[in-house]
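All chains are identified by letter, namely A, B, C and D, in their written order; residue positions are counted from 1 within each chain.
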Amino acid sequence: MIHLDNVSYTFKKGGGVTNVNLDINESEFVFMIGPTGSGKTTMLRLIYMDILPQVGNIVVNKFTSSGMKPKKLPKLRQKIGMVFQNYLLMNDRDLFENVALPLHVLGFPKRQITELVEKSLDEFGLSNKVNHYPHELSGGEQQRACVARAMIKDPDILLADEPTGNLDPVTSFELIKIFEKINKAGTTILMASHNYNLIKGRGHRIIEIQNGSVRS
Amino acid sequence: MDKFSFLIAEGFKNIFRHKLTSSATIFSIFLTLSIVGFLILANQNTNKIIEYLRAKYKIEVFFKEGFTDDELNNAINQIGSIKGVRSTTLISKKDAEKIFKSQFGEDIFDLVGFNPLPASCVVNVEKDGIEKLEIMPIIKRLEMLPVVDEIKYQSGLISRIESYYERFSQIAILCFILSLAISIFVISNTIRLTIFSRKNLIVSFQLIGATRSFVRFPFIVEGLFHGFFGSMLSAIALYFLIDYGNTVIDDIISFKINFDPYLLSATLIFIGIMISTIGSIRATSKYIK
Amino acid sequence: MDKFSFLIAEGFKNIFRHKLTSSATIFSIFLTLSIVGFLILANQNTNKIIEYLRAKYKIEVFFKEGFTDDELNNAINQIGSIKGVRSTTLISKKDAEKIFKSQFGEDIFDLVGFNPLPASCVVNVEKDGIEKLEIMPIIKRLEMLPVVDEIKYQSGLISRIESYYERFSQIAILCFILSLAISIFVISNTIRLTIFSRKNLIVSFQLIGATRSFVRFPFIVEGLFHGFFGSMLSAIALYFLIDYGNTVIDDIISFKINFDPYLLSATLIFIGIMISTIGSIRATSKYIK
Amino acid sequence: MIHLDNVSYTFKKGGGVTNVNLDINESEFVFMIGPTGSGKTTMLRLIYMDILPQVGNIVVNKFTSSGMKPKKLPKLRQKIGMVFQNYLLMNDRDLFENVALPLHVLGFPKRQITELVEKSLDEFGLSNKVNHYPHELSGGEQQRACVARAMIKDPDILLADEPTGNLDPVTSFELIKIFEKINKAGTTILMASHNYNLIKGRGHRIIEIQNGSVRS
C-alpha cells in the first residue's frame, strides 16, 4: 500500500528525513513515534505527496512519486484521509460544511452527504457543534473535527498526525478504538504520536523515527 | 450534477462568507468602471465641440454680374448638393446693400448712385459627423460653376479647427484607453489581494483532494457576480448622475449629453464581467499548484 | 529610544515582509494618482481653449469723419488701455479701401470716385486669464470716446464662447474632483484589504501586551512609505508621458502642455502620503480593540 | 494574584464557564485539568481579559475586569506570559523576532534583547532554528517557541494552555521542570493540561474543570 524506497528530503534550512525505507501493507495499523522535530510530519507530507522526495521513490496506492504531476495529486488524495497536526480546517465555514467537504469533492449526492456527516459528528461527540465555526470550537473539538473530516469518505489510507495532542486520555482512547474499528474494516492507518502510553501493548506495529531516520 | 450545483452554491455563499473582500472587489469595479463609463460618454459627446466650431465656419461665394435670379437659384441648389455642404444662403444684390450699410454705416446707393455690389452666397459646411472635414474639394467644385466669380474662405481657420478637434478627441480617446487600462489594473489588483487573503483555504482544499477546477469554479462564479454587480452599480450611478446633470446643464447652456442607457449598461457589464472573471481565474492560479 | 527605532525599523521591514500587499498598495496609489495628476494638468491647460476662442473674437470700432491721424492714434492708445483689451489695430480709410476691395472684389474709388469708408479700429480682447470676460464694460468705455461713431460686436458670440468654456472647465473640475474622490476610495479600499490580510497579526500583537500605538506605528511608517513611493512613481510616469507627449503634439499642432514638474510632484506626493497614511490609520483601527 | 468571583461567561452558541470561584495566590503553581471542551481555554481567556465576564468579577494583579477599558489591557498583559493553545506565532517573522517581540513591547534595549532571546532559545533547544519562520518549524518546535515567547519577559504570571500537547514525554517533562524553576523564582503559574500523568504527584495544586465549572 505504502512503499518508501530509500527516501530523502532535506529542507533548505536543514531538517527533514534521510534514507527512509518503509513498507506498510494493506490494512495494517502502524504507529510512528519519535521525539519532537524528528521528522514525523515530514514523513507524512511525503506520503500524501505535499512534498516530493529529493532522493528515492515513494509508491502509495499505485501512485509513484517520481514523475508525479500536480494534476494527478487529487486522485491520490481522494483515497487518503489526512489528519493534520495543525488541523487546517476552513475557517470560512462551519463544522458541518468542513466535514462535508471531502464528500462534495467526490461528488456525493446531497442527501447522502447530510446523512453521513450527521452520523460522523455524532460518533465524535460533536453533534451539538454543527454550526460552530472552527474558531468557536475548543482545541480538542477542532482536532476531532479534523479526524471526522479525514474519515468521512471512508478512505483507503488514513494518515493521522498527532491526532490526540489536544484530547484528554478518555477521548484519546475512544479515538484509538474508532481507528481500530475502521482498520478492521480494511483501512490502512499510519498514525504519528508522542503518546507512547496510549499506543503501547495494543498489538500494532510501531516504527520509531529519530533524527529523520527510521529505527527498528 | 450534485457537484455542479454545490460549486455554484459555493460561489454564491463565498460572497457572503467573505463580505469584506467581496464588497472591496465590487466597490473597486464600481469605482473604476464609473470612470470608464464617464469617459465613454465624454467621447461620445466630444463631437458637440466640433459641431459648434464648424457651425461658425463659412465659405463666401461671389457671383458674376448678369445672371438671372433663376440661374442663381439653380446654382445655389447645385452648391447645396455638394458633399460636405450643410446649407447655403443666397445674398442677393439687395442683401449685399444692407450688409454694406451695416458694415460701413453708409448707404451704397447714396454714395454711388447705383448698386455695384455683387450677389453672393454663404456656404455653411457640414457640422455633424466626426470625420475630418476637407475644405479643398468643396472649393474645387465651387470653382467649376460658371456663375462663380470669386470664393472667399479661410483655409487656415477650418484646418486649425479640425486639428484642435482632432487633438481634443485624441486626448479623449487616450484618457479612455488609459482609464480602461487602469481599471483593469486596479480591479486585478483588488482581486489579487482578496484571493491572497484566502490562499490558505485554497491550499487546504487541495490537500483534501480537490481538483484544480473544483477549487477554481467557485471563484469564477464569484468573479462573475462581482463583475456583474459592480458594473451594474456603476451603470446605475452614471445613469442618475447624467440624468441629473442633464437637467442642470440644460438649464444653463441648453445642451444635453447624448446617451443610450441600455448600450452603456451592456458595455460596462460586459467589461466588468470580463475583467473580474479573468482576474479571478488568473489570481487563483497563483495559489493552485 | 530603542522602542522608537524598533518601530520605525518594523515599518520598513513590513514593506518587505508583505511584498504582495505592499506592491499592491503602491501600485494602486501609483495608478490612481496618475489619473489625478493627469487631470490636474488637463485643468491647468483648459485655458488654452478659451485663449484660442477669445483670440478669434474682435470688436470693431468705426470712427467719425474729420479727425486727424494724431487724434485717432490718441484714441487708439486710450482704447488699448481699457481693461480687458489685449490689442488694437487701426484701420485707416486707406486700409478700409483695401478691405472693401477684398470683400467685394471692386475698387471703391473706381465705383464712387472718392473714399466714403470710415477709419476704424479692430479691438482684440484679452485672451489669457481664466476669469470670465465681460464685454459690456469695454463697450461702455468705447462709447464714451468722442471719436467713436459706431461699434460692432457680437454680444452673443463672446458670451457663448465664455459659457462653453465655463462648461468645459466645470466638467474638467468635476472630473478632477471625481477622480480624486475615486483615488481616495480605491487607495483606502486597497489598504483596507492589505490590513485585513494581517488582522490576525494585529490581534496577536495585542494579546502579548502591545499598546495600540505600538501596533499602529509601523503601519503608519509603512503607509507613509507607500504613499511616498506610489505618488513619486506617478509623478515620474507623468513627467515622462508629458515630456514625450509634448514633443509629439508639438510637431503636429504646435502646442505645448504647460507644467511645473516640481509643483506637480509635490502636489501628488502630498496627496499620496495623506491618503495612504490616513487610510492606514483608519483601516488599522478596525482591528485594534 | 488571580481572583475569580462567581464568574460566568456563556458564548452565544452555548458553551463557556459558569459560577466559577477561584483564588490563586502569588507564586502558586496550579494545574487545571478537565476533559476537552470543558472550558479551560475560556477560563484562561477570561483571566487575560480577552473576554470579559458577563457575571461576576475578576481581579488579576490589581486589574479588575468590571469597567476594564481596552486602553488598560496592555498594562495587564505586559505582566502576563501567555502560551496559547494554537500558538499564535506571527508568521511574518522568524523565530528570533517572534520571541524578541514582548521585549520590544516593553522597550528593552537592543543588545539586551539579543542576549535574552539567545539564552532563551538555547534553554528550549531551538538555537539551531533562529531563522526559521513558524511554518518551517515542527509542531513541537512551534509550541516551545510559544513558551519561550511567554517566558522571555519574566512575567509575574504565566498562563499556559496545553503547552505539552505536541511535545514528546521527555520534552514535556523538561518543560515542567523549567516551569517549576521560574515558579520558585516567584512566577505564578496556571497551566491547563490533559496530561494527568505528567502533572500528578508533583505536589502542585490541581483544579478540575468539568462542564464549565470548577470541581474540588
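Following the convention adopted for this analysis, contacts are C-beta pairs under 8 Å (C-beta built on N, C-alpha and C of every residue); 3 or more make two chains touch, one makes a residue touch a chain.
Bear in mind the structure is a predicted one, so any value in this text is a computation, not a measurement.
Any chain that touches chain A and also touches chain D would be listed here, but there is none. For the pair chain C and chain D, the distance between C-alpha centroids works out to 62 Å. Spacing of chain B relative to chain D, judged by their CA centroids, is 66 angstrom.
Taken as a graph of touching chains, this assembly forms a single closed ring in which every chain touches exactly two others.
Per the contact rule defined earlier, chains pair up in contact as A-B, A-D, B-C, C-D. By the touch rule above, chain B contacts chain A in their complex via residues 2-3, 6, 13-14, 17-18, 198, 200-201, 204-212, 214, 289.
By the touch criterion stated above, chain C contacts chain B in their complex at residues 20-21, 24, 27-28, 31-32, 34-35, 38, 42, 52, 62, 96, 100, 102-106, 111-112, 116-118, 149-150, 152, 163-164, 167, 171, 175, 178-179, 182, 185-186, 189-190, 192-194, 196-197, 249, 252-253, 255.
Contacts from chain D toward chain A in the complex involve residues 11, 13-15, 33-37, 40-41, 85-86, 128, 131-132, 136, 138-141, 143-144, 161-162, 165-171, 194, 196-197. Only residues 48, 50, 70-71, 73-78, 80, 82, 84, 88-93, 101-102, 104-110, 149 of chain D touch chain C when the two sit together in their complex.
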